[in-house]
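Got a structure for you, questions after.
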């Protein structure tokens, strides 16, 4: 099979890319994300048509935010959105004349990094994607671990704190509430409220109030050495690393890959994650350690990953 | 390959069984468990020789309590014992003239149930063994999931409670501290101390004091309807079920198998585990549910499992 | 001093009552609660004028939801509202020609129960008020314990769960998030979602959906034996009782009084609170136990309490 | 009344001091602590006789580790020892011809600091004593708050973590398990095990193993800048400060006093305690803050405190 298209459904835009068998993106087309499920489907079709106008394409892969069934056809539900048993594959195939594969977006990103990114050379990889929320993907023996019903590796919703924070999924204490971009903003706002004298840099980047602090401010303030910003990243890292230690007890991969927007900060956040991971790893002195690697492909991991999964059929 | 031997290392006795390819135990030999590592190795050799005296045997599998390396040769460490990098395979092979395979005991039990017990017919199974502690085993696509370094599925030591109970592994809040036979005894003693009027049956089965309550008393008292005993099983079940819900988010198996001594209680404990599992399963209404099954092979699961793994080489 | 007025500021209405020295309410006047702070002050003045039209009144006490300063004049802040350093005493005194005393509403209710309700005969009482939120009041040696800065006994915001639920106060894990009317509704909705077959009575009282469940439905369903409703009250009671055990370690009162809307359910909720309290009381077998009493005055406790505090000047 | 004797019962020695009305210790006598309750009583009598040989003494106060009844005569129980309903006052009075007052040792220390130490000038003080365990004392309106049954201010056993660490009192998650000298040692050992490269100074002060780390090593290593030692103090301080914030919500004192061996470290531990306290204080921006003061009297606080309480009769 030759070229395929990978589609990435983001909160603000939908991107379709023509990708070759080496994971190289030859062309990209983007459209704004419509507010309704039907609108999203039309927009996907538009983006695919646009991207494929000058390329011969054999299949389309779509990375979707949510639980995808074992036929890779239906989004069963999305913890933070309203999709319920959405037959995404059929609806898109009705609009474009190409075979479609649906995959969870974090699974797609994990596959992308495994096949074309930092995971190259490993056979057993666990990937966490720390964006607004927290997603995961697992490769075992060189194959994507989808689970019996298609919904494996939903790391964001394992319970880290009994009776903990409410989650969009309806449960409490989900990992996503403690190790995600949203959590990072909460950490920074709480700390800026309690100790504003340690947050002058951070507050100066926004509108001066804790409520005005956004993710981009925290990253910049951390690079400038703002104590509250640095400490907020460390808090996120504590929770991320503790979760990786659990994942080592469960999957025992050869390597962890940390992706998503947070990984863009590099060692600022990766080093404390590694430290926390080692702190909590059971029997740390007596076992081989999986490496904790920063993702390489940035925001393109999902697109090239799902395009490759579509290529495999 | 014909007959193989499965060895089960228990706290009080070591049992070696000659097992055929259908998982039938033809003969068993047991010896007391010696207090030292070297003594254990000698005892294993004795039990194997004794069991194989009248059978032609091709290989030996040993189920060991602890983390076993990826070569299935060395026990890296045991959270609750003192073994560290114990070269069990080599030492036993020096004493008996047969190829030896080492496997984590809970992995062995999971494989036994998958191959010859309640797991028959499933391809993707997650098994928890609730004995004194809590062990786990995972079968994915009909293969035992050992992980990159051999130490996957160590469920007992995932963190259920930040800053929680101290564990023999050195960490805090491990699942094993909340869903195990030891935890059950703690629940019953605490409740019998606080509300002795609800524990008269339970206290009457022991020496009359909360400290004198043992596991067997709790089982019997629960069957007799003792409120404290029933409530103690429910507390264990709450934690067990919540953990299964996490495992569904991680592995997404087709079925869960609950084994170990606690599963002998049947629906007394299985039903509340199922209820708690459903309570905490993310998106419970929108996804297929894995069944939660009681193990069938009882204390023999490990022996027949590891004998079969040895047969496969 | 003769008659005084007690004012109760509720979410939907403001009530002013003329109260005599025996705690008897001679007359009550109510007005709807306006949406703004200034509107509330005008409404208080209106209600006071109306109630006092036919009685000679010497002073006015106002029970306010929030932290009141040591001069009993200013509401420093309210965790769940927008009042910040609101000079309530001055503003009301400018509108009516009577001396005004401000008191935290839960302190007022505690004083009412101590002086005229179930607390009569005790000298050292700790009162918790479980309404939408959770408030507290402490009487030590027959005196209301206000603290050095006026803000003692703010029980709702002690931390019960590290990294727990977000609270309106900005912290996480506050007791109010686990033992309040709001928590009760959350418990019932979560359980009705997970196990709808155990919530048929409860769901039948509302609109049939978990989201449609309200507090009044839970009370009625519990009286009808609905498992989910009964279990929701038990969950609330577990947290309430565990907190009382802490309060015993801190204040060591002669009696606890449980008031607020939840106490209207009587032993349905009081008995499990007592059980949980005993479960967690340190050294339970070796110490005298404070009784856990249900409040007697219902929604009038605050009004008669703050009227009496105003009488004392 | 003139001179009185204060007795301090420590784990290794019992000290009796003759104290005047200014809190000055005129003479001290110490004896080793015997292993049995009766032996302790004899030893107390010996120490008192010895100390009073050359002074005319009017009364004896004894600071005891445990819950003391409202008559200040009987030790009801000790969470970490075996005393149960020990009639300490009577037994000591039978041996010496002086009136005896028993007081909880942390209450005694709180009174000492209030009357003669850093608490001078305050009327409402909450004191925590961080030694091997964690004790507390409360002064309200210039009087020691003993509670209805004599057992108030037992801070060490309020629950900080649901399902947390086991405590000697039988409960789980007690504050003492997270903010005490014992906790400090646990923090340091855990960290030294996980990241030995950050603990070289600390490990060098002991026998080189994490298990060999003791409290005195952590203090010295922290002063030398050892990251693991500093971080261990910070962890203790996080829990101590969070608890102080709860105590502010409960008692609202004018000042906190932090005593016990840990306070000897001064700002090394006090500053992070203050920071954590502010972090968790509800409505931090809108209320007056109680100061967090270091105790001044060191190990003498209990002796002079209980001598003064005996003087008051």
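To keep things simple, chains are lettered A, B, C and D as they appear, and every chain counts its residues starting from 1.
One rule holds for everything that comes next: a contact is a pair of C-beta atoms (placed from the backbone, for glycine too) under 8 Å apart; a residue touches a chain by one contact, two chains touch by 3 or more.
Worth saying up front: this structure is predicted, and the values here are computed from it rather than measured.
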Practice item. Give me the chains shared as neighbours by chain B and chain C. Key: A, D
Check your understanding: Is the C-beta contact count larger for B-D or for A-B?
Key -> A-B
Check your understanding: Among the chains, which one keeps its Cα centre farthest from the Cα centre of chain C?
Key -> B
Review point. Can you give the whole-Å distance between the Cα centres of chain B and chain D?
Key: 44
**Study point:** Distance from chain D to chain A - Cα centre to Cα centre, in angstrom
**Key:** 49
Practice item. Could you tell me the distance, in whole angstrom, between the mean C-alpha positions of chain A and chain B? Key: 34
Study note, to complete from the structure: Among all residues of chain B, those touching at least two other chains are 161-163, 170, 190, 193, 280
Revision key, fill the gap. Chain A contacts chain C in the complex at 161-166, 170, 172-173, 178, 190, 193
Revision key, fill the gap. Residue set of chain D touching chain A in the complex reads 162-163, 190-191, 193-195, 275, 278-281, 284-285
Point to revise | Interfacial residue positions of chain B with respect to chain A in the complex | key: 67, 76-77, 79, 84-85, 123-124, 140, 145-155, 157-162, 169-171, 174, 242, 245-254, 280, 282-283, 286-288, 290
